[in-house]
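Below is one structure, written out as structure tokens; the observations come after it.
Note that the chains take the letters A, B, C, D and E in the order they are written out, and that residue 1 is the start of every chain.
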Amino acid sequence: MTERVKQILSWYNSASAGVRTNLARIMNHGKLGGTGKMVILPVDQGFEHGPARSFAPNPPAYSPLYHFQLAIEAGCNAYAAPLGFLEAGAADYAGDIPLILKLNNHDLLLEEKDPVSAVTGSVGDALELGCVGVGFTIYPGSAFRREMYEELRAIAEDAKAHGLCVVVWSYPRGSGLSKAGETALDVCAYAAQIAAQLGAHIVKVKLPTAHLEQPEAKKVYEQTHIPLEPLSERVRHVVQSCFDGRRIVIFSGGAKEDDATLLDEVRAIRQGGGFGSIIGRNSFQRPRAEALELLRQVMAIYGS
Amino acid sequence: MTERVKQILSWYNSASAGVRTNLARIMNHGKLGGTGKMVILPVDQGFEHGPARSFAPNPPAYSPLYHFQLAIEAGCNAYAAPLGFLEAGAADYAGDIPLILKLNNHDLLLEEKDPVSAVTGSVGDALELGCVGVGFTIYPGSAFRREMYEELRAIAEDAKAHGLCVVVWSYPRGSGLSKAGETALDVCAYAAQIAAQLGAHIVKVKLPTAHLEQPEAKKVYEQTHIPLEPLSERVRHVVQSCFDGRRIVIFSGGAKEDDATLLDEVRAIRQGGGFGSIIGRNSFQRPRAEALELLRQVMAIYGS
Amino acid sequence: MTERVKQILSWYNSASAGVRTNLARIMNHGKLGGTGKMVILPVDQGFEHGPARSFAPNPPAYSPLYHFQLAIEAGCNAYAAPLGFLEAGAADYAGDIPLILKLNNHDLLLEEKDPVSAVTGSVGDALELGCVGVGFTIYPGSAFRREMYEELRAIAEDAKAHGLCVVVWSYPRGSGLSKAGETALDVCAYAAQIAAQLGAHIVKVKLPTAHLEQPEAKKVYEQTHIPLEPLSERVRHVVQSCFDGRRIVIFSGGAKEDDATLLDEVRAIRQGGGFGSIIGRNSFQRPRAEALELLRQVMAIYGS
Amino acid sequence: MTERVKQILSWYNSASAGVRTNLARIMNHGKLGGTGKMVILPVDQGFEHGPARSFAPNPPAYSPLYHFQLAIEAGCNAYAAPLGFLEAGAADYAGDIPLILKLNNHDLLLEEKDPVSAVTGSVGDALELGCVGVGFTIYPGSAFRREMYEELRAIAEDAKAHGLCVVVWSYPRGSGLSKAGETALDVCAYAAQIAAQLGAHIVKVKLPTAHLEQPEAKKVYEQTHIPLEPLSERVRHVVQSCFDGRRIVIFSGGAKEDDATLLDEVRAIRQGGGFGSIIGRNSFQRPRAEALELLRQVMAIYGS
Amino acid sequence: MTERVKQILSWYNSASAGVRTNLARIMNHGKLGGTGKMVILPVDQGFEHGPARSFAPNPPAYSPLYHFQLAIEAGCNAYAAPLGFLEAGAADYAGDIPLILKLNNHDLLLEEKDPVSAVTGSVGDALELGCVGVGFTIYPGSAFRREMYEELRAIAEDAKAHGLCVVVWSYPRGSGLSKAGETALDVCAYAAQIAAQLGAHIVKVKLPTAHLEQPEAKKVYEQTHIPLEPLSERVRHVVQSCFDGRRIVIFSGGAKEDDATLLDEVRAIRQGGGFGSIIGRNSFQRPRAEALELLRQVMAIYGS
């Protein structure tokens, strides 16, 4: 075990040996193994956006096996997906890559002002599938956030009791926030804090913009001169908001974007002390060879 | 066991031996046994539409025994019905045909914009009745879809833990959709994907029309040239949307229609790679001899 | 055991020996013992309508003991009441008459468009009181029917696991129905079907009128020439709708009415193949001797 | 054991020996021990109305010990209070007086049209504190009555399974009733009946006025000449409505009133066959010596 | 053990030895150990107000370790925080200071008229982290208070069964109250009473103003001449409202204020018989040395 991995694990020393073992499995796997950085492949868009919108741009991705292979070949640290996708490949690729079972999901067949995901899997499912952890999405800002926090609380207690680590997607949305507010710096930092306080081992947030949403917060940001630019400083603030960096926080790139932008963002994450990226649509919606090349470049930045 | 059945079972290799045994029982039973194709007789219309609307056109069908006999004599792969109907005949026909207990149902004594079925049976009931699996309906597009997904999640986990397979009727309905949208190609494919991600072993959807409901999806269908015609291509798209064909997806014919149309639809399902049909009203609402003849023709197409 | 009782029990051959034993206890008790017909005394009006409206017309009926004695002396097949009434006499009359614990109840201190009963007892209570079965009311047509169906499902599973039989009062009411629709033939038949599909061993409905409520159903009644007159034909249709007569279905007389009408109704029930009556207010709201005489006449018709 | 206590216990002969033991403990304790009459001190006003409104008129009553001492010294049959008050004195006065843990409570910091109490204690708490029974308030007439009835059902089953007796405060309130209707004779009698049907061993209602609230009930009261005057006749009607007197029913005096009125009411309760009083504010809101004297006079009437 | 600690513990003599042990641990720890007074450091503002608003004024406070160190070095009696913050340091500082796990929390990403906190931890979590007790916030005056009281009830029973003590933050808020009413004397006293009746071992309220909110209460305050000034008298009234001083009641200072005011308040709390303070933002939002000095002065007042 590298010193860096040991150091990171030391922040989780109230957790059981089982949980720390699974965190170590993620950190020690793939091309970034041992660096303390991570790139995770998440594929829940089939549920979240529908199959054609997700997979028609690169039809081999309709197959659940495709994503296992992509994550393995690219050397990702872990692969995260809902129940059906993992059931369809977990036995075929048993032991080849750390798996994270995404335990709640949301579809777009009905528009809602205050979204809430449905619980679609269990800790028992994760254990049966040989996963190292479970994933759960919360929407701070939604009128249903209480339900989601309480579901997460119960799932996290159950997961920890069974040695699984807990990865929380913390995506501010809902009637409490403007559209710009969903990625505002103050809101992203707050969302990261909430996830960490709820006991997440790994926190995943979106990259924050320089917008400030809440008047009370804005006042403090100005008074205390928290820098809004460049992006790396915003990343640094989110990392600080996540227990002063003592919780792993990773970032998602969102919709498919041009590669130069994405790589610049990765550089900013690295520079700001972020622990890595979750890269979904930007990898599986392009031909496999291109995806492998992009992920190679991303990992090269994190590993440098 | 035929090579085709072995191949299909290989897609479910994360499932327990018990679940795979019960999937095999369905695939190896009846006239289509061993072909990997299936025709299932479902009779929940007494609950869903009322007894007279369901059975008065062919009065012997008021008797629960009638449907067991029909499914057995026609050589169907399985018979699916709610608790009362199965309780009324399961002991008489013990072992004669694989049974699927339909675990939720919805009546029409009150019209609702956002339908939600009541849970009307349990995995324990299914085990007591000697069933091979359980059936569950979800209505993607309904404001209550979250409740249904979560009920299904719990039932599916329970069923799998007891070696039962899980059949999901995924019928888009509710305030999120137009009437035409309920059978739109993008929506049917999405509904199939959701069922598969929720862990269904067998997915049942309606035959899709060439309508596209969701603007964001429509854009992708056009950009990626997903063919909307003929019906067999739409079937192929739904099958692809169901884990690239690695989950059994079958189709329902809906209301009673003329036989030529129905048989054309069956040919399209077969041509598009679909795994079979659920045929209810088109079989039990006509005299028994006619029903047997129709089912014979349907199976002849699938078995050819 | 008579051949008729054996025949009826054969329809329940998926049920446990315990359930069939308790069904046999009801069918073999009292003056109609062995005939396959039954008259049950139900007394939940104290809860449903209030004590004075229920018992002031015949004040001895305020006492819970009165009803045990009436049911025993009249030779009823069973006595059904809520928890309090059974607790107040079950030990005094232990073994003298089969008891059915009514597990949900509704009061009239608040008017509601969509009624829903409160669960007021449990299967455990029924077992402690030595009952042969449990009773449960559902209101098809109410916006809360889903809650009631699901409560019934859970209670029925529990009852069956403990060898108790399940009696379902299926009374259409609620915003889905007009007042006339509550006793419409199509609606009564539908309500009986729902109860049977939910796993009821004994179904209790109101006597249907010749009204047809639902347009879609009306079309079928007309096309298939289901007779609306006389009453005995309507009874026959309800019996047919209850699994072609393979479930015991009994009828209630409703409010206190003149005896000639009531006896005519009983004759129609018998002629139409109904299995018996539940007679509450028409018996306990008149002096005991008169009640005994009326019940004697009712049973004479069923036993003839 | 006196004959009267034996007689009363005989009405509860479906209850376990444990429950009857605890009923006997209440009936055999204090100055009225053995008479079959009872006076209970209830002190939940701190929660229900706030501390100053409850205790400032007699400041020693702020102390939880005060009420134990008052109940013991006055020779009450039992003392009833919420969790906090009992926890604060149960060990100090262990075995000195039968205790009833009040299991739900309601505060006045928010006005509601349809009140519902919060469950604030458990049967387990009652057992740990050495109580003889549990108390529970229902508000018939409230839109939330179903929730309360169902909570009571579950608690009563649990209590009985552990040998505790069940005391139900049945206070009509809510949008189904006018203000005058809350104490109307028909409504009080109905409320008593509901509590008894829900399985209460001891029913507590308010003294009824001569008002009749419900038109359908009013018709019956007039037709059957139920006397509305004097108060003792109204008490007699409520007692009759409580299983013809086969359930213990006691009455509360409500707000602090002048002593002559209160003693007249006690005489009417006694004359009408009531089993006793619950006297809270009229005792603990006056100096201790005066309270003891008043309770002495009340008990003298019941004991005469 | 000092006589004062023994005396206080004697008020809790219905509690288990385990609970009393943990109460003793709090009372015997730190600079105020043995005095019966206590100062607790609570840090849940990261969740309640967001990370920047909470920690940017003193950036070292972003780290969860900072607060453990501050509480230990200052000689506080206990440190209270949500799950994430305790998990991040409990193993590092095992045994160094009594810990209280805050079991529910509320964020400000959505404004609500009737607030309700989400349950964010469990008694099991508290036991795993070596805590001496659990903390829970209720909002009397909120339309959701019933949910909160019932959650607290269940948690308190569970905590007590495992020997943990229960600390209740009772903060009146919601549509039942005006803004001024949230800290009104009558409302604060009522809130303290409710917490005590719900079985809290330690009650935490805000310092009350001289405002009286509820008309019915106001009448009583005037009639019984409850003094509204000075602050120490208001503290005395709250202490009296908390079981005549037989429950530990402590006070919070609220937002950051100038030190002279804060120390004056502490003097008033001490003079009025309060048991101590919870001091959060006033300590961790200033540089560590200044915080230690302020806490030293606060404890000097309590210890004098």
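Note that a residue touches a chain if its C-beta (ideal position, glycine included) is under 8 Å from a C-beta of that chain, and two chains touch if they have at least 3 such contacts.
On a predicted model such as this, the values are computed, not experimentally measured, just so you know.
J.: Hop distance check: chain C to chain D, minimum number of steps through touching chains?
T.: 1
J.: To test your reading of the model: what rotation angle superimposes chain B on chain D by C-alpha positions, in degrees to the nearest 5?
T.: To map chain B onto chain D, rotate by about 145 degrees.
J.: Could you state the distance in Å from the CA-based centre of chain A to that of chain B?
T.: 35
J.: Measuring from the mean C-alpha position of chain A to the mean C-alpha position of chain D, what distance in angstrom results?
T.: From the centre of chain A to the centre of chain D is 57 Å.
J.: Indicate the residues of chain C shared as contacts by at least two other chains.
T.: Not one residue of chain C touches more than one other chain, so the list is empty.
J.: Can you trace the ring for me, chain A first, then chain E, and on through the rest?
T.: Starting from chain A with chain E next, the chains run A, E, D, C, B.
J.: State the interface residues of chain A toward chain E in the complex, per the touch definition above.
T.: Within the complex, chain A touches chain E at residues 11-15, 140-143, 145-146, 149-150, 153, 157, 161, 172, 174-177, 186-187, 189-194, 196-200, 214, 216-217, 220-221, 223-224, 226, 237, 240-241, 243-244, 246-247.
J.: Which part of chain C faces chain D closely enough to touch in the complex?
T.: Residue positions touching the partner: 44, 46-47, 49-53, 56-57, 59-60, 62-66, 82-92, 105, 107-111, 116-122, 124-125, 128-129.
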